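Below are structures written as structure tokens.
You will see subunit A twice below: alongside subunit B first, and alongside subunit C after that.
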Partner chain A sequence: MVSLVRAELRKLLGLPTAWIGLVLGTLTAPVIVLLNAPYTRRAIAAGTLTDTTDLGLRDLGIGLIGPMILGVIVVSSEYTSTGPDAPGARQLTTTLTAVPSRRRLLAAKTTALILVVAAQAAVTAAATLTLTQVLHGEHAPTPAPARVAAAILYWTLTALLAYAITLITRNGIVPLTLLIINSSVVSVSYLLTKVTDLAAYLPDIAGAQMFIRSADVPVEIAPLTAGLVMTAWVVALLAVGAVLFHRRDV
Partner chain B sequence: MNTVRAELRKLLTLPSLRLTVLLTWTANLMVTYAYAAAESRGESIGDNAALAPLGYTQAGFLVLGVLAAASEYQEGGQIRTTLLAMPRRRHLQAAKALALAALTLPVAAATAATSTLPADGATWTPAATAYLTLTTLLGAAVAGVVRRAVPAVVLLLGLYFIAGPLLRARSAASASYLPDTAALDPSRGATASIIWTLSALTLAALSLHRRDA
Partner chain C sequence: MITIDRVSKTKSRTRILYDVSFEARPGRVTGFLGPNGAGKTSTLRILLGLDRPQSGTALICGRPYRKLDRPLTTVGALLDGSGAHRARTARAHLRWVAASNGLPDRRADEVLEVVGLTSDARKRAGQFSLGMSRRLGLATALLGDPEVLVLDEPVNGLDPAGMRWIREFLKDSAAEGRTVLLSSHLMGELAEIADDVIVIDKGRVVIQGGLADVTGGHRTLEDAFLALTAAEEGGSW
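Our next item is the complex of A and B:
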């Protein structure tokens, strides 16, 4: 199993697009904290920003394009054609020749993805929060370790969500489009919360409440419940994806 | 003219384009409905309700352009056959752009009408149609340079949905230089959309002309 995970890690980190995801995801949040520093300082001085407990943590909700790309690419790369000279061949054929047990393959893939994204999230959270402390130290309280852990969990679950959707669609473009539009400033999920209160239980809206306190949502969910709601979404989609992966032809 | 017809035929027979159009229309209907429902609940989102849904569904048009251009480079390297049949690359590029524009225009008009007409924004329909067509051409041009669908989609959507809104929020002055401002504010961003699309198309033409297939 260890060698399988190592192989999957190597395959994932050998993809140029995965590196785009790693670099984009890791840099976005700290850069935004830096760029917004003058505005944040002015807002604190003017008294318009009274609740500073979310400072820094809120910015962690933005770099999610990184885990999304990683989650999608780890599956979609298996389904792209290997090259112009063998258009019918897909990497998955080779992978399954090496590891015929699909269940073990999927377990190894999931573990590799979780390892990479959790490491990325930890680095990003550390960079973003340290930067926030340096820039607004006197106003921003040090966030509780539980909230930082929740932010890392949110990143990992987002990657797994992208991964599960890609297992179902077997194509990278649909899940990427869906997820990137939804990570935009005014997301579709946020729009839906204006239409129905049930939308507060969508994975991205519920998940963010694990670590952000002052979210603009119709239904406030306690952090633990929020985590459970998002995990339930991910588990359900992963179950569908796993069954399809197990049953379908390559 | 024959080349344009051939290119149009190639586009019309791609199943992925058909699927993209259907998904875009479905998404557009849903978002338009969501905006109308939010409005009737008295929760305004702030943007122009006639154009705001198009801010989301333009993603479908970007993907449409990317898939149309990247299809030549996928799987069996169709571009080699295409160039064998039509070796003059500049003509080929022009025919491709024309064919894609001809295919997109009706799709864009239908999308623009579904979102603008219910919100009493009929005057915006022509501008929105033109904008969506230009966006598709921009997507195709970028994919023509990148040559792979997934990285091109990541690049375009990242710029349109993450970098663009952040830049606009940071400095209002940058808005008139971004290609996607026209989606919400046609009078302000139209020039930028046209210039970005034309430069991207020129870059794609140069890249096709200079690079090996």
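Our next item is the complex of A and C:
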């Protein structure tokens, strides 16, 4: 199993797109903290920003594009055509002749993805929170380790969510577009919370409450419950994706 | 040893294989011959555990492919294209495949040398010509030094020198005691290297046996093949 995970790590980190995801995801949150620093200082000075417990942590909600790209391409790279000479040929054929057990292959892929994203999230969290301390030291309370761990978990679960959806769609473009738009341009999930309280239990909305306290949501969910709600989403979608992957012809 | 026993397959409600049965034995080159769309690739994909048959079994050394542990050390397979992601270099591709079966990194360079791609090791697979892609696919098949080779249309896209090279390579492999199964729609190619021949048409095996038996009373394998596959439709393929 160790050799399978090592092979999957090599495969993932050998893709140029993976490095786009790693760099973008790791830099976005710290850069936003930097860019927002003057505004944040003025808001604290003017007294409009009184609750500073989420400073830094809130910025970790951005930069999710990194784990999303990583989660999607772990699967979509298997389905990309290898070239115009053989339009139907895909890397997946090589993968499954090398590792014919679908169950073991998915276990290795999942483990490799978790390792990479958790490491990325840890580095990003450390950079973002340190920068917040340096810029707004006297106002930004040092966040509790549990909240930082929850933010890392949120990133990892987001990557797994993207991964599970791509296992179902077998194509990276649709899930990546939808996920990125939803997390950056127009948050459909957030808009839905204005329509129905149930939308508070969508994975991205619920999951963020694991580590962000003052979220603008209709239903406040305790951090532990929030984690369980998001995990349930991920497990359910992964189960569907795994069953389909097992049953389909390549 | 490859044993295919009464394999049937239906795809999108169309029956594409009807009770296909044959064997490929060690020490021999077995040619799997048929027109395009006859069911050659479908049979090989089932043999390699990529697709599932509706009924029947396909065994390699007595076991279904999906049950093989570190399968690359038993079977080397070449299907369509190089099997490498376009953005990966030839060496990086071979190294991850090697790692997945617990093989050392140096195997990547060794097989690149065997197929004559050493100077292209750092090139991305997406920049490879058709012939180079086939060589990279073959290099992947050879990583685990397998006793069984399963090759789907291996000469497609190769230049004459490449064709001659692969012919010699497969003959040598069989002479070393390996089981070699290759599909082709090129009769001339198979007639030169195959010891045994299986002819498939419209999802059914129409004849199998030693090259001489299959050629039978016909002047060449090509004549025999045309007579066998054209019986129904006047050779319209």
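One rule holds in what follows: the second predicted complex is superposed on the first by the 248 of 250 C-alpha atoms of A that agree within 3 Å, B and C clash if a C-alpha of one lies under 4 Å from a C-alpha of the other, contacts with A are read in each partner's own complex, and residues count from 1 in each chain.
Going forward, contacts are C-beta pairs under 8 Å (C-beta built on N, C-alpha and C of every residue); 3 or more make two chains touch, one makes a residue touch a chain.
This structure is a prediction, so every number in the text was calculated from the model and none was measured.
By the touch criterion defined above, A:222 reaches neither subunit B nor subunit C.
Shared-chain residue A:176: touches subunit B; no touch with subunit C. In the superposed model, A:34 lies in contact with neither subunit B nor subunit C. Of the two partner chains placed by superposition, only subunit C is touched by A:3; subunit B is not. In the superposition on chain A, contact is made by A:17 with both subunit B and subunit C. By the touch criterion stated above, A:184 is placed in contact with subunit B alone, subunit C being left untouched.
Subunit A uses residues 16-17, 80 to touch subunit B in one structure and subunit C in the other. The residues of subunit B lying in touch with subunit A in their complex are 23, 31, 34-35, 37-38, 41, 43, 45, 47, 56, 59-60, 63, 66-67, 74-77, 149-151, 153-154, 157-158, 161-162, 165-166, 169-170. Remark: subunit C residues 11, 45, 48-52, 65-68, 71-72, 75, 77, 79-88, 92-93, 95-97, 99-102, 125-126, 128, 130, 133, 140, 157 touch subunit A in the complex. The touching residues of subunit A, counted against subunit B in their complex, run 16-17, 20-21, 24, 28, 32, 35-36, 62, 65, 69, 72-73, 76, 80-81, 84, 87, 172-174, 176-177, 180-181, 183-186, 188, 191-192, 194-195.
Within the complex formed with subunit C, the subunit A residues making contact are 3-4, 6-8, 10-11, 14-17, 77, 80, 82-83, 85-86, 88-89, 91, 93-101, 249-250.
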